[in-house]
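Same chain, two partners: chain A is paired with chain B first, then with chain C.
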Partner chain A sequence: MGRPHVLTYVALTLLATAILAGVFFGTAEVSWADRWAALSGAADAPRSLSLIIWEWRLPRVLVVAVVGGSLALAGVMMQTVLHNPLADPYLMGLSSGASAAAVGAILWLPPWVASTLGIPLIAFAGAVCAFAMTLGLSLRRGAIMSPLVVILAGVAVSLMFQSLTAFFLYVGDPHATRSALGWLMGTAAGTAWVDLWLPLFALVAVSGFALLRSQSLDAVLLGDERAMALGIRVRRLRLVVFAAVALLAGLSVATVGIVGFVGLIVPHMARLLVGGRHRALIPLSLVLGALVLVVVDLLCRVILAPEELPLGVLLAIFAAPPFILILRRVRHAY
Partner chain B sequence: MLIDPMIEISHLSVTLGGKRRVDDLSMTVQRGSFHGLLGPNGAGKTTVLRTLYRAQNPDTGDVYINGTAIDAWAQADWTRTVGALVQEGGSLQGLTIRDVVDIGLMHLPLSPAARAACANDALALAGLTELTDMEAALVSGGERQRTHIAQVLARDPDLYILDEPSNHLDLCYQILLLDEIRRRGKTVIATFHDLSLAARYCDTVTLMRDGKGVATGTPDAVLTRDNLRDVFRVNGVLQDGALHIEGAIRV
Partner chain C sequence: MKRPRMLAIIPALLVCASTAVAQEAVVQSCGGAFSFDAAPERAVTLNQQATEVMLALGLADRMVGTAYMDDAILPQWQEAYDSVPILAEKYPAREVVITTDPDFLFAGFASAFSDDNLGAEAEWHDLGIGTYLVDASCDVTNPKDVPPGTAPIYTDIRVIGDIFGVEDRAADLIAQTQDRLNAAASANVGAGRTVFIYDSGDETPYSIGCCGGPGVLVEAVGLVNIAADLEGRWVDLAWERVVQANPDVIVLIEADWSGAAEKRAYMEADPVLAELDAVRDGKFMTIPFSQTVLGMQFADGVDNLSAQLATLN
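Let's look at the complex of A and B:
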């Protein structure tokens, strides 16, 4: 078994452990026997604990794992097709569009509209709108779609929606503003089974596509022209990747709000461990993304329990040190 | 009229950034021959090659490789038939030298063992055996150029499209790698700035200026004193396969 397989299995084992920890630990004070009984569905398990584990914690942990995996996978693909190590899933304005739509809905729309449509759907629509604007600004008939133009268009669209969000927050009602700020920092509180299926389906479909096209993605790392010389239709591949990233990141933002860091840094963690070939990089990135977010979500729940911290607050603090450690160790080899 | 042409270009015109880079160019390359594209900077040599490996759409004109229009090729057939050495480079994020060579073998019907053997042979030819696990982004420009040439050698296509293959290479590797490509007897179309190298390796050359073909034929027939003066603005002469330069003409 090669090093990439070993590392992926190690990461999978750690992820399984983290998911169990995420299910077992929380604010409720209960014995270990009761926790096992509730998880295994034993008849004598306390009913309230079974409810907490099966209806609150387990779906929440799984949603967080799917979002972490989705953002890491989206980050890998964006960094590859844009030839840019600083690219992340939100680069095409997805998070800014989602933020402006969600904050605008929380602050300005009549409550019945927000509750009928739901903030996640409104946020997803905002993300798709920003994505369509960036894509529209980047496309030129017959041209290959320059990564630089996509990045600049994404920055312009992001800045526009960020200004809109800032305007909404500045003039909005202070009580509603706090709720909007909480959404902006990302939280998985209140997620249920119903929130899991769509992001999970998207993640399975996109990772299947990415693995099938892993050799084409490898070729793009050589440069657009080298990939074209190898017979790859780079423009078409780039468009499909952008659509896949919009789906993954849009659903992630809609489900738990804006979660940074994972889509930018986790692909680099995985690349430092197994190199740039996508057949190894995609599975490890996906598992590491899920692992990082599940661990950070658990910490968000227990550190100031019973208060809960937003994901964005703790993410960089706890995930950066392992990345720096890996970076230092790998760089010593050169 | 050539009996067995590998490349047929007919009335090709390409415009880039509002400037006509290739202007009504027609040329053919015989199967199995080594053909050089020569000319000063901006003559349109690289644009012709970019059109051949499908990175650039022509405004007008027809381009055929092996009798098939370039936009009608299926990916698998294209990969087997055409191999290109390209000037532009990607990020190479996380790729080793072996990875770069191996990626060139995708879509070829090779077993894993045969694929590894192809890559190892090409790496050895390019003198890269000791560097295979180095990150490709961290090696010198010459080593990276040898890596990309090794990728094309590993694929050993029917048509080699080489944009300035001697770029960054020391004299030893220029001769070693071009000798190897010549020895394989496949069709080659390559751009050169070193006219002595072109004279040494090319069976035929096309001289270009301002996007137009000025002359086509053997190096001796094309690299005349008049053409050197009119196209390259130097006084010189090609003698016994070597270029003797007498000086540049003041502009």
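Let's look at the complex of A and C:
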């Protein structure tokens, strides 16, 4: 296990650097002396900068890291239990359900409803609703049908909710659709400390579960029959994984909106680097997912400063090239 | 919002002015020159600003339909407004427009003439139906990176006056509006203080760059927009920029889709924004969206803002 660990540590170091950079740089222009003063809590630091760093940038960067890690982990698990390299955390309609609910709430519900419940909660409810529908469509007599049925059910549910979202956007007031669009493209702007704890807790819990069951996950890669022959209860494992993915992806969507790419590509990036064994794959995916999203979020804040870009705009542009590089270098994994 | 310019047509006017017929006009509507042989009798307005220009010029009897109000019509126009059928809550479909048998379409935003709404202006002219797009909403005559000033307001009044042969009313209205704006400019209540204009959004505030109507509005009372150096009419500003600029006052835009009270509450609840001087001292002003549009309510907006600024002082 030497090599995987080394790579994970390298990625961890990079992540720490990126987090620091994410706190250091932002839309406001400030001198280096002030940055250090604010970060180290010096008494002479400009108060507004200290507030920006401690109340805005730090929680934002940490939330983004947690979301990146969550999506990558969810992607790894989905690809494994569905035996499908194109599976991603949103496959079961989570993002479409969340976006339909959120966009509907932003455009149609009276403002007090949205501000009392909060759009994140409504989005999460939408995600859970879509997930339940997909699961319901994939079950027969209490058992989950084949991965293919799950995928098809997920696609159908996703398309249905997408169409609903499109309807809301088209009929909605064009002035109001702007805030809904920002949500659809994903943005970490406006995240605060309170947004961090729930996703962090979920990520820790699910990572723990995934690492504990990493051998079962490895076995599933061999195919359902062989896994069952090895004593793995594949159907139950699959159901638990789906629930875990729904939790991670639902919370992620609720927190920063829809963020593609990470859940689909980062697991492959990690797999190319350390292979398919989950004990090595899971930690590296987590860290890489966090790293990719933290870096892209930083770019979103500085490229057009003082204006901000949504995550979805830059994500694939900046995250795809490293993936392609790895893909070209390390073909033997596939 | 964009604006169209008018090059109302000079040669034809020179000839016609003396005979006081003046209906024959060639009008520049957002990049296209269109000629009118006679004053329209069956006009359809497609946005609130357009409707208001018509009503302000007393042309309700020449209208067969209105559409797309952003908020309620003002009391002084209510009666005239009620006399004209409302075609749709937003943009009416092409077929709905055609069935009113219109001879003139008047829009406030360029989106009215986009393909998925009513279609290009030239297509309507081919059918013998005139069109005009509010000058401030035309990207050709008022590029998004050039501050429009208040000229587009007068342009619209003058062009519509020419097209409908009511030049006298137009001249009066222009003079009145100019007087009010000049009075505000010389009063200079803002006295160069900085202002953050908060349109909507919370994660990233949607604000006004160099060239949007609300930006022109705050300048008209002597305030300085903290985002005036940014290109564009509307911009996604980052909160950090607002904190750094530490504006003297804050203007909240009140609209159906984004209430002023919620925006104020958001700023007061945020740990960082709550520390801004303007937030701590409650230096908020509220202005309805329709008063920030470069149109008939703009002068009301200027008076409204001046009055609120005076109270803050």
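In the analysis below, the second predicted complex is superposed on the first by the 327 of 334 C-alpha atoms of A that agree within 3 Å, B and C clash if a C-alpha of one lies under 4 Å from a C-alpha of the other, contacts with A are read in each partner's own complex, and residues count from 1 in each chain.
Note that contacts are C-beta pairs under 8 Å (C-beta built on N, C-alpha and C of every residue); 3 or more make two chains touch, one makes a residue touch a chain.
What you see is a predicted model, and the numbers here were worked out from it, not measured in a lab.
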Have a look at where A:I258 lands relative to chain B and chain C in the superposition and call it first, second, both or neither.
-> neither
Which partner does A:R178 contact after superposing on A: first (chain B), second (chain C), both, neither?
-> second
Mind working out whether A:L169 is in touch with chain B, chain C, both or neither, as first, second, both or neither?
-> neither
May I ask you to decide whether A:H83 touches chain B, chain C, both, or neither, giving the answer as first, second, both or neither?
-> first
Name the contact category of A:E308: first (chain B only), second (chain C only), both, or neither.
-> second
Could you say whether A:W56 touches chain B, chain C, both of them, or neither, answering first, second, both or neither?
-> second
Touching chain A in the complex, chain B uses residues 50, 53-55, 57, 73, 75-76, 78-79, 82-84, 86-96, 99-100, 103-104, 106-107, 135, 138, 148, 161
Touching chain A in the complex, chain C uses residues 111, 200-204, 206, 227, 230, 235-241, 243-244, 246, 255-259, 262, 270-272, 275, 289
Chain C contact footprint on chain A (complex, rising order) | 26-30, 47-48, 51-52, 55-56, 111, 115, 173-176, 178-179, 182, 187, 189-190, 192, 301, 305-308
Across the complex, what residues on chain A touch chain B?
-> 79-80, 83-85, 142, 144, 215-216, 218-232, 271-272, 275-277, 281, 334
